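There are two complexes below, and they share chain A, which is joined by chain B in the first and by chain C in the second.
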Partner chain A sequence: MAKKIGVYFDKSNIGAGLDLDALSDVVTGKFGGSCPVVKVFPVLGAETARQEIRQDIAENELDGVLIIGSSPRVDWDLYRFEGVTVERVNLREQGVLGYGAKVEAGEDAEADEDLFKLAADYVRMGVVKLTKMEEAGGGEVESVRTIMVLGGGWTGLTAAVNAANSGYDVVLVEKEAELGGRAKGLLKTVPLKYPYTDVHDTGIEQKIAAVEGNERITVLTSAKVRKVSGQPGQFTAVVKTKDGNQEIPVGAIVMATGWQPMDAGVMAPFGYGTLEGVVTAAEFEKMAKEGTLKARRVAFILNTGLVDGGDIYTSVCDEEPAEAAAAKPEAEDDEQTSYEHKDLESLRHLPYTNAISSVVALKQAGYVCDASEDGQAFILYDSMVVQGIHERFYKAAQDKLGVMMSKADITGVAQAEDGGLLVRAANTLMGEDVEIRVDMVVLPTGMVPSTAKDPVVWFDYRQGPNLPDLDLFDGYADSNYICFPYETRRTGLYAAGCVRQPMMLDAAEEDAIGATMKAIQCIESANRGMAVHPRSGDLSYPIFNFVRCTQCKRCTEECPFGALDDDEKGTPKPNFSRCRRCGTCMGACPERVISFANYNIDQIGSMIREIEVPDDMNAGGPRVLILACENDAYPALDMAALRGHHWSPYVRIIPVRCLGSVNAIWVADAMSKGIDGVMLLGCKYGDDYQCHFVKGSEICNRRKENIAETLNRLGVEPERVEQYEVAIDEYDKLPGMIDEFMNMILEKGPNPFKGY
Partner chain B sequence: MSNSILVVGGGFSGLTAALEAAEVGYEVFIVEKTPFLGGRVMQLSKYFPKLCPPSCGLEIQYQRIRNNPKIKFFTQATVQAVKGEAGNYTVKVAIKPRHTAPYSADLGLLASSLEGESTSEFDFGLAKRKPLYLSVPFAFPNRYVLDKEALTKADELKVGRSVAVDMNEAAREIELEVGSIVLATGWKPYDVTRLTNLGAGQIANCVSNMQLERLAASGGPTGGAIRRPSDGKAPKKVAFVQCAGSRDQNHLNYCSYICCMASLKQATYVREQYPDAEVTVYYIDLRTPGRYDKFMRKVRADEKISLVKGKVAGVEEDAASGDVIVEVEDAVKGEKKKVRYDMVVLATGMRPTLADEKLPVDVPVDEDGFIVGGEDKGIFAAGCAKMPLDVMRSAQSGTSAALQAIQTVKGR
Partner chain C sequence: MAQPVRIEPDLQFVKELQAVGGESLKKCYQCATCSVACPISPASNPYPRKEMVWASWGMRDKLLNNVDIWLCHNCGTCSDLCPRGAKPGDLLAALRNMAYQRLTKPSIVGKWMSSPKYLPILFGIPAVLWAVVWMIMASVNGTVIPEGTIVFGKLFPGDFTIDPIFIVTFFSMVGIFWKGTRNLIASFKPEGKTLVLGKTKHWILHLVDVLREEILTHSKFKDCGDDRSDRKVGHMAVFYSFIILMIVTAIVAAGHWGGKVIPAIALHTPMPLLFPVKILANIGAIMLVVGLAILTHRRRQQDPEKTRSNYYDWYLLNVIWFVTLTGIGAQLFRLADIAPVAYFVYYLHLVSVWMLFAYLPWSKLGHLVYRTAALTYVRMMGRR
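After this line comes the complex of A and B, so read on.
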């Protein structure tokens, strides 16, 4: 912890309206012993100022530097000093600017008491924070530089080769006897490269050859993962092969286990299963590949409204009948049989596949025309979902003789008298309802991800073998973050290809390389003891004081990433490289057993206790503590201030890593200090969650109920503690929210504990 | 020989590529031509389908930059020359002067006191900006930039007095030694003035989709209020014209990927602000792939939103009212009609930056300006420089480019 701190004030940023000499006295008065250097610089950002700081550090053997001025979100590059812990006090944005000291440029304002008190509180909080921080580090996990790729199809093969070419060993696990996956079954592929106009060979044989010829890649076919235990850098995968089980140490996992065709039984309304000649796109491709395609007139029905046109997105809970079918994963042992995996295949997988189905129909229409001179293909769609550059393929297909396309609502498919098929359609582009006589009807094949049916990876984690909350994505192992597509709920596991989302082979290729990048990054970060996304580079990790642990298991259950296992007694067992350092465990623990070297209960609690609370609310004003998530709410406050918004001078803002890390003791500390209210500002939760740690703000909200109960018993109104979902761009609304809360507090009157 | 990586373009794909590579330990340089990082997504109000703000993900990216000394970025910077080969490139970069202090100074008061004004390119001409400016409150780095040419004489005196402004800062050139290059030069909206049948950009209340984003954005010229540019009125009837320029041999010979989803998203912007407003989207195909289908159905379920397959033949302005008359053929019903709207939004497409600007880098570019090669030289395209993509795919693309760049420099 910082024992010798240099404290530096930036006059250019906070001098207006503040007596910085008086503030310096506040520091030396209370912390003179720990703060041998306290200075005011006219412009702290100037090179001369920073040179002087470096000199101070050397001469005084400082181990901490407190920069009091602008937000830590700006000028970070200017305040990097070797060998010292640097902390920033945000007195510009969240002090002077948020307060709105009325000062003309160049003038000194009258010393404003409220502003001074605010500043003094923040300055003291800053010093105390530094004294309660240890240097983070020591969480290195000696990592195995091997990547396990699950799935030897197009995506898996690509991932394996790229991992090998990046200097990593690879173990490729493929459940079938041969490599190649579904791409092998394609006659041709939709164009994957410039000029994107013509179908071509997939090139899957070359991919297979590249893997088989690569020394760094160990291929296990007829193999499946039974169990994965451990943590990134040090996973142990148990793989069942023809020759028995193998225990393989791996550093990270790329899951490229692809998809299976949707149960075509749902296509019964189109005559599938009853009418001769009604097939799925997958079956059609097989015929084309095997050379058994005889049909001359083929209708490709893309508009499956008869089947999926209804409300298929009604929340799963609403429509949960007793037939919550449990899929029967091919269980390998007792552990696996006892786990019930909810089968997530549904009608939704049909529209999920819409873009693939559109281009596949174009491709297969081409097969029909190529197979015979009088070949005729009819594509009947609601929309041709041919995205982006692949429009060039669409255009080329439109120019093909024999291909006719129309928007159409399919009203029915019937057997024709001559044994062929009749497709009836309405609302077409042809100006009237039509009946088309064809030899064959091709229906889209929905792509159901392997993870809809089976945990696939079988994590030997306390929270269970599966990726959590997969029903949010209908079984796809996808990320809920638009900006961060590879983030799964299990650190070290990166999904690629159609197990993640239906995608074309060109996108899957890119996806494979992307997932491999993340797998490599994970291994290297674990090796350095660093967190991965979103707190990339964080060297701290949760430290447990097990002596006080009561085995309540809240931490193990609430961790969004399953980072904590437990032993037979129920004592948590942390796995550091699984951890994202959000601190949700720290917030959960009622005994306050968990801490991080540079972020802990005592630190924030001590900062709260530094807030000076006037005994008389009417004379000195109320006090409200704001715990603001540093990812969305804190930046929004900065921007509100920079935009010229002001808010009550009686709030004190403390950034937290995630609302999930908020421990109830902080609220208790605030209340016993006489603070009149607490606002918890964090990210949106729910299905479209924004919380970068998935569950943090949701969990905080749940915990708030317990807090409310406690407050009630103490005779404190529970409304004094409130949580708000704040988006980072809601900076114009924030000041109003704060003032509204403040008004509510003023109406309620002072905290009953004030003055005690 | 160098194992550093250069990323040209500090937009979404460029940032992603740079960060992924830097976090494995490689030194990465980002060269960005505008004064701020973030690129086109900074101009958006929200992303589809979650309707979340772009600055949310970008804040994490900027945190990652702050925490990683391996990343060095240059704004107001352009690549002037590239010499060498994979593993061994020397790149000359020109940096225009910012004229403001190398630290964050709150110049808001000074900026608003200036007389000079120019058209804000960032707001696509919908607003003016001062000569001293931040593009948006979230701008990163949070440092003002001075456009000297827009200053009046009086302005010059004012800014000259500020300790945080250096009027004489000179342009400079630096040389970077890198082993591989990621080209993430992105896109710009298709030039509306070329859409002669759709108003050619002359009709006040016929705006582009990107302009609508600026109107809807909280940091935009109207603080997020969608109003008619001509008279500031709240629109009651809005039409979206899809494929304005895309999928058209005369303009853009490809689909711009995002415009269908963008218009549906924008329809929700309008409906949220104006619960009585009616919205019609005229499309050729509704391209809402995969997960986006759910979003499309939710939008379609809104009674006041109509989705009509129909080609818009033209738009006309009714000068007196400012209304826009749309001439459209309903493809299914076969009806041609003219419909009056308060406001029309043209879903203009994406044109790759390199379609018009040449980089001094020897990479093959196709007839539309998309990069179609260069890997053998250790040059990798990412994001919309390669093909039209949405944000999620751009993230994927940037991550993939990062690994390929690393493979080129590894071991050097």
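After this line comes the complex of A and C, so read on.
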């Protein structure tokens, strides 16, 4: 709670069109006592200026510094001062540029006045924010420096060795009796090294040996996780082994539990199960490995249109595949019986696997052609998906005399007169419908992630044992945000390999290393009381004032990351290292129980109250409050201003951590203050969400509907509060959105509460 | 739905195709850039995309019955633009090479033409033939190199050696071409025909159109990419110099044989240098050198990543060089009066000319007849 604040204006950034001396007077006039130092620097970024600020801090015993100039998103490295809280007021992008640049200084007195009012509001809001802010810290969690790796296959083995080599103890949990996973069943792998043209041995044996010979790694085979409780840095995992249950303290978890073959029964239209010689790629690989492959002519069918209609966007029938639905995960104890896992295996896993199936077909076609001089392999595809460097393998495979490829719609597989098989195809590149006599037909194997069938980790969290919303990803433990691979909805759990998305050994290896790094970051962050992601390094955390808590459970239910457990009475039990500091709990709480040291209800409310609202809308203009998500919408506003876009001088922008943290009371504060409208600018939500905190903007939208209802009851038009979805690259659309909203407000007229 | 076609890939055939110039054919990934880029490919079922997949799949019959390979004039635009270096232009050239082998009987000659290792046989036959003539005349003359003014007729008299041998050679060639062309046209038949509305023309009229509109003007060379004027000039120079030399040969033959009946038109070789027919002959020779130089230079400049000249290309170019240089050389040495060299070079000239004509139907020069036949055929079928 800053009590002695130094206020510094940066003339070089905001001098144009703004009378900074007059603004200084506003500060001294209103906060004279708490702002003993108010200065205007010609260039605040200069070392001499910062030297002077350091001097001021020492001489006047300042505990807060307010920098008024450019956006806090730039030059943040310049304004770090030991021992004081620093806050920035963005008068460049969202003041002078966003509006002021519209008019030349001094030419339009009215416009200048609007700009000055805007600047004065922002400066006052800045000072108040600083006075309602404390240095964050103190949330350290004593971390266990052990990483648990789930799955002893290619990915898990890589992760284990990588973690151990980085100086962490590893517990490797494998459900089978032996290490190696599915990679062990491969005869050869698609090339993983230069020149990327020829198949070779996987090298899984060396990986197993490296794990078994590593002292830091404890291997538990025939083992399964039954429960994980606690929080990152201090998890307790209960693992069921041959020798009974073991309780193991772990700091973070890498989930590399891989995939299982899709139920091949769905391939019946291709003759699977009825015609001899029709097999899946997984079965074919097994035959190759065992050396029982005799076929000279083999058709590899990659176009599964007969089964899935060829359109991955069609909705998947719930009843399919019928057999898989019947196979419920075996419940192993009482706690697990109460939970029912929705089986997420579906036909979509076929097209999802296409990139793998394509390359595997090339590899297996090579088995056929290399085995005998007259070997012939026909690859019939809808789309060959060959990613990245594997293009070289594609070219090499293509060059083989016996490999023949064509786009084709398979019309059927039938028994040939001589006992072989006939594959019939239409729409081929040869220009006519063809039939090919083959000895074997190989169908692709859909890779179903282990998380589609089972919660795998069995979290002992209030929100349940499973990862939430997995159905959005058809069971893959993926987070869908491109920027944050390996992340799951549970802090401390990082997914790698085919459980995350279908991939080959090379990508799985990279994944394993990435996920291990995240696990290490998690342990080290918990140890320092910092957020891991995406607010990496944030020392603040939610603080609960339980005296006022009514045990309504909204915070525990809405937390997108399951950070809050509760006791029998329903009192929330925070787990700081699970928390990502989005503030959704703070936004949810009707009793305003939850706050952060540097971000809280009172702080934002007080800032809103610093906005001067003219009594007469026609004379002084309306006022609109914009609560902007600081991840996307706020930078987009900055970008819009920097690229020469302008917007109304009557809006006041306050950044929020996430729209999920917006508490209804702020809207109430704004409306009762006479502000004519509130715009909520946040990320896209829904299935293709872009929200950093997954659920924030969606939750905010839900709350907004409640707010609208309340407003309606009070006789205020609900349209005055509106939420907009903005992507970070849509900066050019933002000014238009603001204009549209302002026009709507002007049409509606002043807020009926104005002047009360 | 049409009855599906049973595919029986003939991988041996693919290997053969690769051996005669189509070695990159498997690199094709069917993007069809080639068919789009080709300036002269028809709009329906354009080549060479479909030929590439047929080749990759070893669909022998499809390729052998395909008239489109003759529509291609081998400008190389498709190969230049191919993103995979699959060289579709080379594949079509290879298919034509294969057609020379396959259509023309006896096929043993086609085999000899397919690889440099058989070159000694090809060279040896005329070398022995003309050496025998030389030896007979040497015994008649009583000396290996005739005495006095150099007159090649002293060693290789037209009446009893050159003319009968070349007349037999020429008519055999025509006969072989006749059969080959019939085979060619027969092979196209299974592909069906386009319904042509209105009056249909006799094939001879179509042939005249082909000659007039395409061959004499080289109009397809112009359509084939726009920056290939050197190729058109080179090919046209060689083409017209052949016509000039053919006219000269005809005049000389007419003068020689006609002179026996009507002494007024009698023509005796060697002709004086300023005699109009001689001037025409030497103009033809110079045009031939220029044309050959252009074509040879062009082939040497080709990017081997894009287009590779095969043995058929080099064989033909080199045989024509051989003919040209020995012809000019014989004349120059005769004028310089160096008898042994002049007679020997003339001997080589006869060997090379015989090689050119006798093996013509199996060589790349066979396109002279086969392409003309195919172009006439497609006009009749209405495929343009």
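Simple rule for what comes next: the second predicted complex is superposed on the first by the 727 of 756 C-alpha atoms of A that agree within 3 Å, B and C clash if a C-alpha of one lies under 4 Å from a C-alpha of the other, contacts with A are read in each partner's own complex, and residues count from 1 in each chain.
FYI, a residue touches a chain if its C-beta (ideal position, glycine included) is under 8 Å from a C-beta of that chain, and two chains touch if they have at least 3 such contacts.
Everything numeric in this text was worked out from a predicted model, so none of it was measured.
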{"item": "Superposition on chain A - do chain B and chain C clash or fit", "value": "clash"}
{"item": "Partner chain in contact with A:407 - chain B first, chain C second, else both or neither", "value": "both"}
{"item": "Which superposed partner A:520 touches (first chain B, second chain C, both, neither)", "value": "first"}
{"item": "Touched partner set for A:166, first chain B, second chain C, both or neither", "value": "first"}
{"item": "Partner chain in contact with A:547 - chain B first, chain C second, else both or neither", "value": "neither"}
{"item": "Chain B or chain C, by number of chain A residues touched", "value": "B"}
{"item": "Contacts of A:78 with chain B and chain C, given as first, second, both or neither", "value": "first"}
{"item": "Partner chain(s) touched by A:399 [first = chain B, second = chain C, both, neither]", "value": "second"}
{"item": "Partner chain(s) touched by A:12 [first = chain B, second = chain C, both, neither]", "value": "first"}
{"item": "Contacts of A:619 with chain B and chain C, given as first, second, both or neither", "value": "neither"}
{"item": "Chain C clash site on chain B (candidates 311-319, 365-373, 383-391 or 401-409)", "value": "311-319"}
{"item": "Shared contact residues on chain A - chain B and chain C", "value": "395, 407, 429, 431"}
{"item": "Sites on chain C touched by chain A in the complex", "value": "1-9, 11, 14-15, 26-27, 29-30, 45, 50, 53-54, 56-59, 62, 84"}
{"item": "Chain A-facing residues of chain B, complex", "value": "12, 19-20, 23-25, 45, 47, 50-53, 55-64, 66-69, 101-106, 108-110, 137-138, 141-142, 163-164, 217-219, 223-224, 246-247, 253-257, 283, 285-291, 293-294, 297-298, 309, 331-332, 334, 366, 370, 372, 387-389, 391-393, 395-397, 399-400, 402-404, 406-407, 410-411"}
{"item": "Chain A residues within the chain B interface of the complex", "value": "12-13, 43-46, 70, 73-78, 80, 92, 97, 105, 162, 165-167, 193-195, 313, 348, 351-355, 381-392, 394-395, 407, 427-429, 431, 473, 478, 481-486, 501-502, 507, 510-511, 513-514, 516-518, 520-521, 524-525, 532-534, 536-538, 631-632, 635, 639, 642-644, 683-684, 688, 690, 692, 727-732"}
{"item": "Residue numbers on chain A that touch chain C, as the complex places them", "value": "374, 376, 395, 398-407, 424-426, 429-437"}
